[in-house]
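So, here's a batch of structures to check.
Each of the next two complexes has chain A plus one more chain, namely chain B in the first and chain C in the second.
== the complex of A and B ==
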């Protein structure tokens, strides 16, 4: 093992010995200095996760979250110096973390929080305005083959749990006691301007948006949803998407 | 150019009607100057700045010092130039980035 590999392995595993040959600049005990550094590394990464996943943390409490994060950190070094990206692997970790099994919706709440952060850092784009929608409407014969371009910050989540309601309850929208976590919910996350919007999706809207995101035409997307979700409400869904600013172009 | 087949021709009317109805129910967010917030430079404390999205730009929580002149925070519209900024030549936050005074 190279000294560097030995050094980084020892950083994340308190059981390991401090790499031999280390000396402190002021002659103090290298073991103690290394322990301080190790603690700073691990704690800063746990803090970063706590900042990224505030609702996940609230759902299980600070103590549990930090203990779980410590295990995650020990097996997951950052792959980039951008701390905002650290944690994209946490949802999968949570899903397979046995002590969290009693909170089955925890991983999906973490997924939603990661989507929120990703949308926050996504590129800016201007949502399509009313005039542009009206002019698209004027060319109605071409609508079936037109392609709606979604905002680059759009993120979609499909969950068997009430992931939006759980998240919203923690933003103070309503009491957590009123939420049935076992009702399936789909969510749209988008940042049309400075602020990230999180919106629950109607029946079929998730599939519709997936089609649009894949580059399917407007007509094909509507037909595809109709086949799998007969109660899909196209008017209400379009109204939701227009209102939140999720569409940035209609290309003919 | 391909000729639309019958199913698509029906869809054109359906789609236009749906889009028209949706537009009459909601209005799209108004462009540009309408947001409730503005980007305010020079008012964020160290590490508390908001994101400046896009390639090669600084991002959330990266400012190194308090009141850094090229780091912004999203604040309610109209409040930026009323917020004190010790580093700003005007003494207040600014809507454009600035060089901090010494």
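== the complex of A and C ==
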């Protein structure tokens, strides 16, 4: 085993002996000194996760979140030095973390927070303005074959839980105690300009957006939603999308 | 690769030079150094934090430069690039990497090096620096600056990696001296001899972190002045100042931690002035990465560094005149 292999294994496993060859000027036990590195690695990564997942943290409390994150960190180190990408595996971990089983919506809240961070750092693009949108929609003959390009920061989440309401309550929109977490909500996340917008989606809109994101034409997307969600309100959904700035082009 | 015979001269240092020689040398450096191209100005700067973007743009403080952590800006778009682009229009920029893992046993991460090249191309910073440390293993990123044994094998590896970085980025980089908590029985060289050898062989500059000097010297019972004196100070292009946290080792000795979460300590300010007397004025960064205070607090520390830099400039003039 190389020195760095031994060193990194010992960093993540407090039970493991510290690497051989570590010394201190005063002959003191190197364990205490090595513990500084152990603490730096684990604590800095837990802190990074706490920054990315503030609502998840609030839902279970600081102590629980940090204990959970500690287990996650030991299993899943970042694969790159870009910490904005770290945490994308946390939702699946939370879903399968037995002590969190009593909070079944926790993983989806974490998914929403990861979408938020991803949108925050996503590529920039100018949203289509209302006038351009209206003129595109007016071309009713060509519209069915047109393709709507979504903003590169768009993220979509379908959940059996009230993820948007839980998230919004944390932002101070209303008391978290008023939220029934067991009501299904779909969410759109987008950063049209400098701020990330988080918006609950109407019935069928998630499926509609999923079709558009997959490159389906406008007409095919509408048809597909109609088959699974007869109450889909196309006009209201389009109005929501243009209002929030989620569309950057309509290509005929 | 065997160590070359020219390395024998590397352990020589400036300690043997007279004060006049040092003063004259610095004067010749600083006559053109008001804003040399491709170099940071010899003024105080501050680490740029998202919390302070608005304050920086609205108050436009008199600072020589800002420094960013490269990895935080390896994202496609969004507010980080928006603000950095605007701030860059008004200030010199230092890009400081924390994830290249120059000391790693494995080869450099080519994809990461490519991302750095893209970032440097976009912002054209006056300086790029990295650490004498390793932070990756087996494809994992450990998010800390981990220590190296000072051996010929490490020296060869570090030099090879720095040369690869400089080749890929087509620029000279600065290497930062580490803050460490342990030493290795395997080491066959002192840290200062090792650093001097790297600077000479790899042809890079030195980012002298004075807080790291204080932290490491305390942790390993070394003399801070002797440590500074032993370094190839003519290659210093930037200085870092930061705060440390304090603990005790198993025998009760002071164990300082490079925490970047508090103001610069008085002892470190003293060591900074000692350093400037030997290097002349050099771009100096106030580093703060944790418990980020309001921007004005960092600015106050930067102004204090600026006062030290002005005093160091006056001292040089006096030295030469006298």
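Just so it is clear, the second predicted complex is superposed on the first by the 242 of 252 C-alpha atoms of A that agree within 3 Å, B and C clash if a C-alpha of one lies under 4 Å from a C-alpha of the other, contacts with A are read in each partner's own complex, and residues count from 1 in each chain.
Heads up, the rule we're going with is that a contact is a pair of C-beta atoms (placed from the backbone, for glycine too) under 8 Å apart; a residue touches a chain by one contact, two chains touch by 3 or more.
Worth saying up front: this structure is predicted, and the values here are computed from it rather than measured.
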item	value
Fit-or-clash call for chain B and chain C when the two complexes are aligned on chain A	clash
Contacts of A:25 with chain B and chain C, given as first, second, both or neither	second
First, second, both or neither for A:81, with chain B first and chain C second	second
Touching partner for A:184 - first (chain B), second (chain C), both, neither	neither
Which of chain B and chain C A:120 touches, first, second, both or neither	both
Touched partner set for A:3, first chain B, second chain C, both or neither	second
Touching partner for A:234 - first (chain B), second (chain C), both, neither	first
First (chain B), second (chain C), both or neither touched by A:37	second
Which of chain B and chain C A:71 touches, first, second, both or neither	neither
First, second, both or neither for A:17, with chain B first and chain C second	neither
Contact residues common to both interfaces of chain A (with chain B and with chain C)	82-84, 120-124, 194
In the complex with chain C, residue positions of chain A that touch it	2-5, 7-8, 11, 21-34, 36-37, 40-41, 44-45, 48, 77-84, 120-124, 152-153, 191, 194
Touch list for chain C against partner chain A, complex	71-72, 74-82, 98-101, 104-105, 112, 115, 134-144, 146, 149, 181-186, 219-221, 247-251, 253, 255, 257
Contacting residues of chain B [partner chain A, same complex]	4, 7-8, 11-16, 18-23, 25-32, 35, 37, 39, 50-51, 53-54, 59-61, 74
Contact set on chain A toward chain B in their complex	82-84, 120-124, 126-130, 132-134, 136-137, 140-145, 192-195, 218-219, 222-223, 234-240, 242-245
